[in-house]
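Note that chain A is present in both complexes that follow, paired respectively with chain B and with chain C.
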Partner chain A sequence: MKVNYKRVLIGAIFLYLVASPVFGEYKFPPPEFDTNYLVPVMRTVPARADWLVYLDIFILIEVILLSAWASLKRRSRNIVMLISMFSLLYFGFYKEGCICPIGAVQDIVLSLTNPNYYLPFTAVLIFIIPLVASLFIGRAYCGGACPHGALQDLLLLKEIKIPRWLDRSLSMLAYIYLGLAVLFALTDSVFLICKYDPFVPIFRLTGPFYMLLNGGFFVLLSLFIGRPYCRFLCPYGALLKPLALVSREKVTITPDKCIVCKLCEDSCPFGAINKPDKPERRKAKNRLVVLGLFISGLIAGGVLGNYTGALLATYNRDVKLAVEIYAYSEGEPEKIILSDYAKEYIRTGESSLLLYEKVAGVKNKFKTGGIYLGVWIMFVMGLQFLYAARKPKRDIYEPDSARCMSCARCFRDCPIERQEKSTGDGSRKQE
Partner chain B sequence: MMDQENRNNILRLFFKQVAVAAAIVAILAALTLTVYYLSGQQGNIQDSPVLTALKAKLEKYPDNEKLLFEFRDQDLKERTAFFRKSSFLDYGKNIFIVFFLLALAAFRLKGVFTERLPEVKKGSETVYKTGELAGANIYMVSSGLTAVIILGLLGTFAIWGFQKLPFEPAETEIKEKVIDLSSAWNGFRGPAGTGLVKDGNYVKEWDIKTGKNIIWQIALPVKSYSSPVVYKDNLFLTGSEAKVLKVSCYDAKNGSLKWSSSVMVPVKLDDVEIMSEDAGGAGYAAPTTVTDGELVFAFFATDHLVCFDYAGKQRWVKYFGKSENTYGLSSSPLLWKKNIILQLDRGGEGLSKLVSLDRKTGQITWETKRPVGASWGTPAIIEYKGKNELITTGEEQVISYDPDTGKELWRVKCLTGEISTSPVYGDGKIIAIDVGSVSTVSAIIPGGAGDVTKTNIVWSMQEENQAINTPVTDGKLLVVAMNSLVVGQDIKTGKVLWKISLEDDFWASPSLVNGTIYVPSQKGKVYIVSYEGKLLGTMDMDSKCSASPAFVDGKIFIRSEKNLFCIGTR
Partner chain C sequence: MEENKTKKVSRMEFLKNLGRGALLLFLGITGGAALARVKKKPAVWQIDPAKCIQCGRCATECVLRVSAVKCVHNFSLCGYCNLCFGFFQAGQRELTSGGENQLCPTGAIKRKFVEYPYYEYTIIEKLCVGCGKCVKGCTAFGNGSLQLQVMHDRCKNCNECLIAKACAGKAFVRIPAEKAYITKEGRES
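Let's look at the complex of A and B:
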């Protein structure tokens, strides 16, 4: 029954995804004749009241602390789960996933280069709070407060294990994505993270077709892989990882001494549990060679990044517009169908020469940004390589602080934990 | 203990039931949606074949009322159906998502109350597999591989990035081409804005009825007062129709339409109200275009200056804000070095100004406020003592400016009434005419600074007829076409040399072509007058001629209210 039940749910999702294209945006022209119908005036939604915004921040802090308490002190998966369901409802469905720390990185970066971009203080807080928290209590934000994570947790029905080596390689994607998002935000091109957020259209119950498609894809993945977005793509997770590594409080699988019973080995859906290991001592590599390789990697990254930047520039909307306008002004007018955006541009009356000039500047920005992007990617790559080469001696099972999302799942599998819970304070709920 | 177990069992069962029930609803919703979707019922009226067919029919028979109503009915039907469908789908989607999440949540909660013992599961090796791969640590291999893949991708993207944008900034720097405009009629009253033609053979006789000396003739779709402008084979005209501003280019050889482009502007033209030609206003398109041989510039009474290229593509538009001049505007843009100069005398506090814009980009190079109300004349650029001056006529005064900077040089108060005449220059004198029931013709010498009314007027004379157009002079003879009178004067002294009385009125300006004067009239005639003041002939046109003709390469281009004529010998 249990297995069937899961299958049924998975089937439902598949069925639903088949039908999901119907929710692609429809736009069609108003009637071509006068009607009595009054086209409604476009209204802008008023901004969320100040006190509500601060309430949101208060709730965020509370939820992070609660989640940390539940995973570190109370050690209860059930409480963490309830908290995360609350976050899913509140930050996800009620607040429609915006503003969230994941996307806030872009606001912050854009406000650095564009003084006209208004960055609310609350956005900074939302960005900073989980980061600071992770320095003290690990990734409690991911465990309980992130609606994205909560949704993926809820969806995980039939787990497929991913080997570690693949997990480690795929998690590089998050750093590349972060670099790209920063570059696109810095150049005022697009908020990549928001545009391709897979879960926001689900929180909002609507969205453009490509977003729904993307959402559908991640929903499918989440059915079989534990938190695929968090592990492999989330740019905010990429920032939290190194901080969590040096966090003061860390999740331990067992409340007491690990007896290496192997029972928890498989309990983490995110492959975050490190196994005891006694590596044989290997002879030290020539450090100079490693350093040399590392530096040449960075240089190669910079050079290639420079030209990659030029390619990325073509995704900037002004560059796209300029290419279209150029084709229009060089080609035969009858044969070219202008996009609405291009038509609007012509309507503004600005000369294309000014656009080309602006776009040349944009391209240069991208090329310079591309250098940093390339260096960044190779830098992270190098670290990952060095990290892989490192083989620490380990005697017990323990969570990898960077990867552990404080979900408290593994505790239940620890016999010591179970024993403590059942013989301990009688008022405690049985886990 | 027993109690707790019981409670847990009950809760587990409860959540299980909830989960099953919610899952059933979710699946039903998903099924319905899928069936609905696969049945192709997601209609979009944009692709409706019925509507498309009806529309095509309607375009053929636009006056068929029955068809029209059929179209409307069908349109309404399809829209209603569409919205019904979409709200159905919307409900379905919400039901699915809510119940699916409920099922998942209940499923998880059921798990909370399910006792489950830890076990060493199968498959854990998958995660921890650290097997040696060809003697190397698998992590090292995979990291190395990842690095190679990423470097490879970077390299590929870099190669793509090599390809340049189609417009590199260096290439878009417009090389200043020197274009010879001397043989063109590239703006209002010719290249120098004088209406003076010194060479070429132009016929003095034609007949639109028999077609004698008519090279071609085409009907114009819209009425407007702007004059034709010709460069090589391109003849430009402006017009407006139902608040659509148009610039059209005809083939000067045969009159065929090369293109006709609507101006795309950032404001709603519905908000602009200009008196039409029929209501006694100047309409939307009275100013004449000007071209530099590559681009053509048109100004409209909606206060838009627009630049088109020779393929009919709009290059830029400049909007000067709404004016208070409901008669419309008629001042034509002027070419000056790299710029376009425009006299915007628009009435209203502080609205009148002179602006100079970069030809290629439409960016303002200078702007000077003018202390005048509305006026309709086109400025002229003259050369005096090696210096260029931009001469303007306007309410009460003639003001001279430096055409490079827009700085005012001097002014003379000699005008009254609503000034529609433009200044002309000859024999070192600027001729300005005011507009009233009496016309005062004033000859002014340029130079000086500030108000030079007392010192610079050389002569002035009055005639009891109204002149609203611009005179023409060759530096000796000055010809003024007024209401029912054409006068020839000595420009040196203002002495009247001859007068011809005609039962007619003249809005278009006269031209002096190799010593012969051409005067188009409001009664639809063109009077041909000799240098000595003899009426050589009266050519009948089909309708009013309010636009000044263009003289190029032995051909005369005349725009009447309804037609455009190319006159000359083949």
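Let's look at the complex of A and C:
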């Protein structure tokens, strides 16, 4: 049998038009013009081309490797600065800081609990690549490739040294921030890291007022404190620190010829140089007491977290909606001014029981998450205290591999290194 | 003593290597699990005009100022009305394009005579802030040819779109990037 394709097509179009609800909805049928007026088409702009995404990933890898080369092999602060300027321009002002590994943490976490979540390919790669790199070449990502870091680094005008104890205490905030961000992302409440990112509105040169305010505050802070966001808040830096601790390569100053002149410590704006130390033999601590304190701290954190979790849940939109719907259905409906969300929910006529059930699930997630969050915070704080109390024997000044961001300032200011460079060592030219 | 020292260093190195291997394995597993959940086709945010209730949040919630959401005119649906409810304020004095008659707060709609009794309405995109006031009028009383759409030359495609989070009608959806706009008749380009 021969199929008349034309007829099938016309039939299909006819069926479509009849079945389409829109067709019947014309309140004013589109006119038939007598003049030769052409109906314009709706303006649409295509989305960003697909292959550009791969270009971004390629550039990211190149920049990380280049940054590592500049700080570990070529040992040139100028080249590191050039690379970070490029990153600031490309990943910062051109790409407008999005997508970045700092926020990608949340994508990964949310996709693990919500299979329907649209997880882009780039998010995974951009999250994993700097982490893997940090296992081998330290925090070269922070030093050269991160536009946030580059902006703060280049802004540093007049450094104010922060006492070591304050620096170490504030740096724990990053772990708390990371924990909170994971909790809020897991429950599909909000992406804290993205919402309160201080530098993205600066890259975009626009944004909501609270974002701009936040950005302005951090820009002011960066003028006097070396990389305040990186050191004290960056949740991705919090992940990179322990990885960089076991890194294969790390930044060295002049370990064999160190004359203990302290110049490198002065040059480091991030408090990342460890001083020489000769601890006298101390009395053995009662390890059982320390362990007991540590564990009871974890338990206390869990208990506190359980309560805070329930409080944090009120930030979730569904929870807010449920509270409103409950007040509406139980109280006097006339007296309550409903939000658009509640109005829309009532209009769709969904059962409120369904909502309550969903919200109970969200609240449970928050409570359990709160326990983990509390334990996590106490765990990190405990480790930090133990790490700070540990006093290894050290004869020279050397960079702390966890905190060092490969900015190359320390060996630029090292007199031994300068001498070596000026005496014309072939591979190390003078800057 | 000398021998002791070298031994200690190598033990440290060994532990570091062990830690690096373990962390690499962990990263590999996490990355693999995440990659398994990657959605193959690139997607973008868009507003489903059938669900949009014109609450006005597109203009205020976007991380950009001005918002990435703009009003677009789907001319094929338009009735070319003389009395356009997207263009004129309620209680307008006369049907002219005088500012006091216009609904749009930024004057972003251009009204042009085509032939009696039809008028063409064009959005001046540069002026549009995406408040949806015209869309509301057009949807309520007209054909609904004015509609809000995410413009992809402006949209940053944030993974967590703040407008989508705040959208009262839950009208924000992820759609394939190659067909990045939704009209009332269906998807387009």
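Following the convention adopted for this analysis, the second predicted complex is superposed on the first by the 346 of 431 C-alpha atoms of A that agree within 3 Å, B and C clash if a C-alpha of one lies under 4 Å from a C-alpha of the other, contacts with A are read in each partner's own complex, and residues count from 1 in each chain.
What we mean here is this: a residue touches a chain if its C-beta (ideal position, glycine included) is under 8 Å from a C-beta of that chain, and two chains touch if they have at least 3 such contacts.
The structure presented is a predicted model; accordingly, all values stated were derived computationally and were not measured.
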(request) Please work out whether A:L291 is in contact with chain B alone, chain C alone, both, or neither, and reply first, second, both or neither. (result) neither
(request) Considering only the touch criterion stated at the top, classify A:R48 as touching first (chain B), second (chain C), both, or neither. (result) second
(request) Scan A:I299 for contacts with chain B and chain C and give back first, second, both or neither. (result) neither
(request) In the overlay, answer first, second, both or neither for which of chain B and chain C A:V260 touches. (result) neither
(request) Based on the superposed arrangement, let me know which partner A:Y326 touches: chain B (first), chain C (second), both, or neither? (result) first
(message) Of the two partners chain B and chain C, which one touches more residues belonging to chain A?
(response) B
(request) Could you tell me which stretches of chain A are touched by chain B in one complex and by chain C in the other? (result) 22, 26, 28-29, 31, 33, 343
(message) Considering only the defined contacts, which chain A positions touch chain C in the complex?
(response) 20, 22, 25-31, 33-35, 37, 39-48, 50, 53, 96, 98-99, 103, 106-108, 111-112, 115, 117-121, 123-124, 127-128, 131-132, 135-136, 190-191, 194-195, 200-201, 204, 206-208, 211, 242-243, 246-248, 317, 339-341, 343-344
(request) Would you pull the chain C residues touching chain A in the complex into a rising list? (result) 16, 19-20, 23-24, 27, 30-31, 33-35, 37-39, 42-44, 53, 55, 57, 63-65, 72-81, 114-115, 118, 120, 122-123, 125, 141-144, 149, 151-153, 155-160, 162, 165, 168-170, 174, 177, 180-181, 183-185, 188-189
(message) Touching residues of chain A toward chain B in the complex: what are they?
(response) 5, 8-9, 11-13, 15-16, 18-19, 21-23, 26, 28-29, 31-33, 78, 81, 85, 154-155, 161-166, 168-169, 172, 176, 202, 205, 262-267, 271, 275, 297, 300-301, 303-314, 319, 322-323, 326-330, 332-333, 343, 346-354, 356-357, 359-360, 363, 370, 374, 377-378, 381-382, 384-385, 387-389, 391, 412-415, 418, 430
(request) Spell out the residues on chain B that touch chain A in their complex, using ranges where they run on. (result) 4, 8, 19-20, 23, 26-27, 29-31, 33-34, 36-38, 42, 44-46, 55, 68, 71-72, 75-76, 79, 82, 86, 89, 93-94, 96-97, 100-101, 103-105, 107-108, 112, 115-116, 118-121, 123-124, 126-130, 137-147, 150-151, 154-155, 157-162, 165-169, 172, 174, 259, 261, 264-266, 304, 306-307, 309, 311-319, 360-363
